[in-house]
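Each of the two complexes below includes chain A, the first together with chain B, the second together with chain C.
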Partner chain A sequence: MFSYCTDPSTLEGLSWLSCYLTTGKHLNLYISVVVVLVLLAITAPVALLFGFGAASAARSKFLPLRWFGKGYTSIVRGVPDIAFFLFFVIALDQAFEWMRHKVKCPDWDQPIRQGIDFVVCDAAKLPLSASPQWVHETYGFFLAVLTFSIVFGAFAANVLYGAMRAVPRAQIETAEAYGMTTRQAFWRILVPQMWVYALPGLSNLWMVLIKATPLLFLLGVEDIVYWARELGGTKTERFTEYPHPNWHVWYFAALLVFYLCFTKVSEVVLARIMKRLTKGQATAGGEAQRKAAA
Partner chain B sequence: MSCVETIQAYAFRSLGIGERLLPRGEYTLCEHFTLIGSGLIWNVYFGALALTTGFFLAVALAVGKSSPNPLWRKPAEWFIFLFRGSPLFIQFFFAYACFLSLKSVSSFFDPFTSAWLGALVVLFFNTAAYSGEIFYGALLSIPKGDIEAADAYGMSGWTRFRRITFPTMLRLAWPAYTNEAIFLFHATTLVFFSGFPAWRQQGDALYYASYFADKTFNPFVPYPILAFYFILLTLVIIAIFGAVNKHLNKHLPQERRRKFRLRPNLIR
Partner chain C sequence: MKSLILGTAALALSAGMGLAETVRLGTEGAYAPWNFVNDAGEIDGFERELGDELCKRAELTCEWVKNDWDSIIPNLVSGNYDTIIAGMSITDERDEVIDFTQPYTPPDPSAYVAQSADIDLESGVIAAQATTIQAAFVAEQGWTLVEFATPEETVAAVRNGEADAVLADKSFLDTVVGDDLVMLEKTEALGGGVGMGFRESDAELRGKFDAAIQSMKDDGSLNELIAKWEVSSQW
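Coming up: the complex of A and B.
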């Protein structure tokens, strides 16, 4: 990175450290931090969308739709965490390949499951075996986002479902008295009001989502945990210009600090948003604010 | 191999008893059920031990966090923040790396590098922090009248804590604590994915489930079996904790009793 880094063996102290921390693999580590942040930024809204859909489905008057909404939330919430992460990635991958296989190779006569192998025609492979490396990585990342969204969507659905029920019944009745249809009352009255009730649950979910990101490592994405393991291991002089003993402790300590800081910052920000949202609301929090000001 | 033979060979495989080689070639449903069930022994071991030992530290932490003296309060607050603010997964990795480097200092740390003790220590601290926060919340919501009544009877200090504060705290915290127990058991599945090696392929339920999924490239059999076992385990926990909850609430009128509601919280 820096010009004085050409011969690391002559360096000492801080200048050695500055060179060491800017090697190519370390840059990969920093990129993976960005990847985690991007994943959070994409997953949060998508999961919220899934959750909103499932919560509205669970309230629907149409029975199969209600079953779908309730079934989705209770199944995902009832089964242990990482089992889902391990399960979904393979299952989604196979589902996509199976669908493409049905569309692209209709005249394929062999069975797809041959004993312990899952065989689809070449054109249906995802991503195509000829495609470049970045496509494979993006596809893996996409699967990870989808998995996170499905799992966290179920949790968000539960929170939003509770929030929708927490909106005072009188509000809906008033809307109906004004002649609004069910749909209008839902979009104009219920949805704008539910967020105050949903925020405590959603902020809790955000904390949980932050803490779930190291599991990306299990999904086959080269994330921070992967690079910390890779870089922290013992390095001998034969393979690197920066030989060092086993430094896993330091790398994982850094990860721990990263997550603690992230949590702390989120806590502060969410507390502020909550304060903003409760202002003037007819809830205990809003009442407390009013009294404090008076 | 018939199913009975399979059970004989693999029922205690996770403890190193029975057949040494894991099943190969044809993977029957019976093998799936037996081996994953055998792995569940480790989940129960980690969960039960961490929960019982963690309970005492949790009470101490809760009392410490609600203490007016910052000398007690600050360490408790920091401990709880440290373990609740970071992913359990990273805690496992960090602890394993720590124990590995401590091993070279003193042979006292040798057993800590294997899962049965090292992971247990992490889970113990982790559940203590989570339950400590629950108990702290319960301490804050003890009815004022109870304390005043205790004062009126001339109770103070240890007597008041033992007779009034502690039982009420436990009663108030119990539904949330039940959820914590369930998720501690779920969290035990992370142990063998986080650096702690599975010695001679003696792993937990998820370890064997992912073994099957890797070998057969078919996630649709082992993971649902794993889910089945965990739902069963969850029901057992709810039954046990429900019985305790009944006992804690038996002096109350029927409608004031606190009901348990399952509130899953996913990852720690």
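Coming up: the complex of A and C.
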């Protein structure tokens, strides 16, 4: 990266380190940090949306919808994450390809399953084998977002379902007394008030989600833990200009600091949101706030 | 999201037109000198050069894909890439699941590396990478086996005393022996050489690479590559 990096074996100390930390391989590590952050930024709202949908469905008066909401939460919560990640993603990918195969290659006469091979026509491959590597990586990334959202959506659904039931019945009754329909009472009274009950559970989920990102490598997305392992491994002179012994401990220490800082910042932000949500609520926290102000 | 996928797929379709057939090569990227990730973050090593040359001879466009060793066969059969080129020895068990080309390196002895040369293998703990011919061999002998996901970890286990010795391809262990580790004189003849793996339904593509390997054997360029990277004995 820097002009003095052409012959690293002559460098020492800080200048060596500055060259070492800016190799193409390290840039991959920095990119993976961004990938993880983007993944979290997309997954969290999508999972919350899934959770909200499932929690509302589980409360529905319409029986099949209620079954769907409750079935989704109990099944996904009951399956170990790692099994879900290994099985579900391959199944999802094959389902997409199978549908595309049916549409695009109606004349295909060979079976799709040949022994353990899963064979679809070239035009049905997702992404196409001719597409550049970044398309494959983006596709893998979106599969990851979808899978994370489904898993964490189920947990969020359970939290939100509980939170909806925790809103005092008297609030809904008052709404009904004012002549609001069920729908109006749900959106105007229940939803704004439930967040204060949901937030402790949701913040736990967020913390677990942050730490679950190493599961990404199972889906073929190279995350920070993968690169820390790869970069920290012993490097001999024959294959690199920057030979070093096993430096796993330093890379994992850096990861530790990264995750600790990240969770600390999350805690601070969540505490602020909690304070804001508590305002004017008929809870112990809301009461304390009111007394402090008076 | 659906429209986004369709959008990228459409983009990819238009971008891919007019090119020769694209073949995706799957490798591990953690097994120097066979395959590893170089300073620039790209796949490098004996198999990188070999694969690129084979693709040129077979007139195919090739794309390199990195995949964990553990799931390298499942991802091949489910179609995430088209071939495995990752120092994979040809064995009967693997041949039941996938098909191999002819070997591109001859069968070579596996070697042991330990902290001292006077170790007793039968009573000791032997480290090997999971789902390799070496792990299968140690298990067959009835010795105590500890498996690790990556080659690096098997060597680290010997360094920190968790295992007494590691069994792996000699060419890989040659890169790790140094002041604190020694190679034992005892070697084991395992596997039937290293070949490229294909889906059993993909005989046509396998034929193309088979022919390309044969042509590299015939003109001696394969031996030159083997000598350059010191991966095995020559043909």
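In the analysis below, the second predicted complex is superposed on the first by the 287 of 294 C-alpha atoms of A that agree within 3 Å, B and C clash if a C-alpha of one lies under 4 Å from a C-alpha of the other, contacts with A are read in each partner's own complex, and residues count from 1 in each chain.
Following the convention adopted for this analysis, contacts are C-beta pairs under 8 Å (C-beta built on N, C-alpha and C of every residue); 3 or more make two chains touch, one makes a residue touch a chain.
These numbers were taken from a predicted model, which means no experiment stands behind them.
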{"item": "Touching partner for A:His136 - first (chain B), second (chain C), both, neither", "value": "second"}
{"item": "First (chain B), second (chain C), both or neither touched by A:Gly51", "value": "neither"}
{"item": "Touching partner for A:Ile90 - first (chain B), second (chain C), both, neither", "value": "both"}
{"item": "Partner chain(s) touched by A:Asn246 [first = chain B, second = chain C, both, neither]", "value": "both"}
{"item": "Overlapping contact positions on chain A, where the chain C interface meets the chain B interface", "value": "90, 94, 116-118, 217-218, 229, 246, 248"}
{"item": "Interfacial residue positions of chain A with respect to chain B in the complex", "value": "77-83, 86-87, 90-91, 94, 113, 116-118, 151-152, 155, 204, 208, 210-215, 217-218, 225, 228-229, 232, 246, 248-249, 251-253, 255-256, 259-260, 263-264"}
{"item": "Complex contacts: residues of chain A adjacent to chain C", "value": "23-25, 27-28, 90, 93-94, 96-97, 114-120, 125-133, 135-136, 138-139, 142, 146, 217-218, 220, 222, 229-230, 233-234, 236, 238-242, 246, 248"}
{"item": "Contacting residues of chain C [partner chain A, same complex]", "value": "1, 4-5, 8-9, 11-13, 15-16, 19, 21-24, 29-30, 32-33, 36-42, 44-45, 61, 63-68, 71, 74-75, 77-80, 82, 97, 150, 152, 155-156, 159, 175-176, 199-202"}
{"item": "Chain A-touching residues of chain B, taken from the complex the two chains share", "value": "27, 81-82, 85-91, 93-94, 96-98, 100-101, 186-187, 189-190, 193, 206, 209-210, 213, 215-220, 223, 226-227, 230-231, 234, 264-268"}
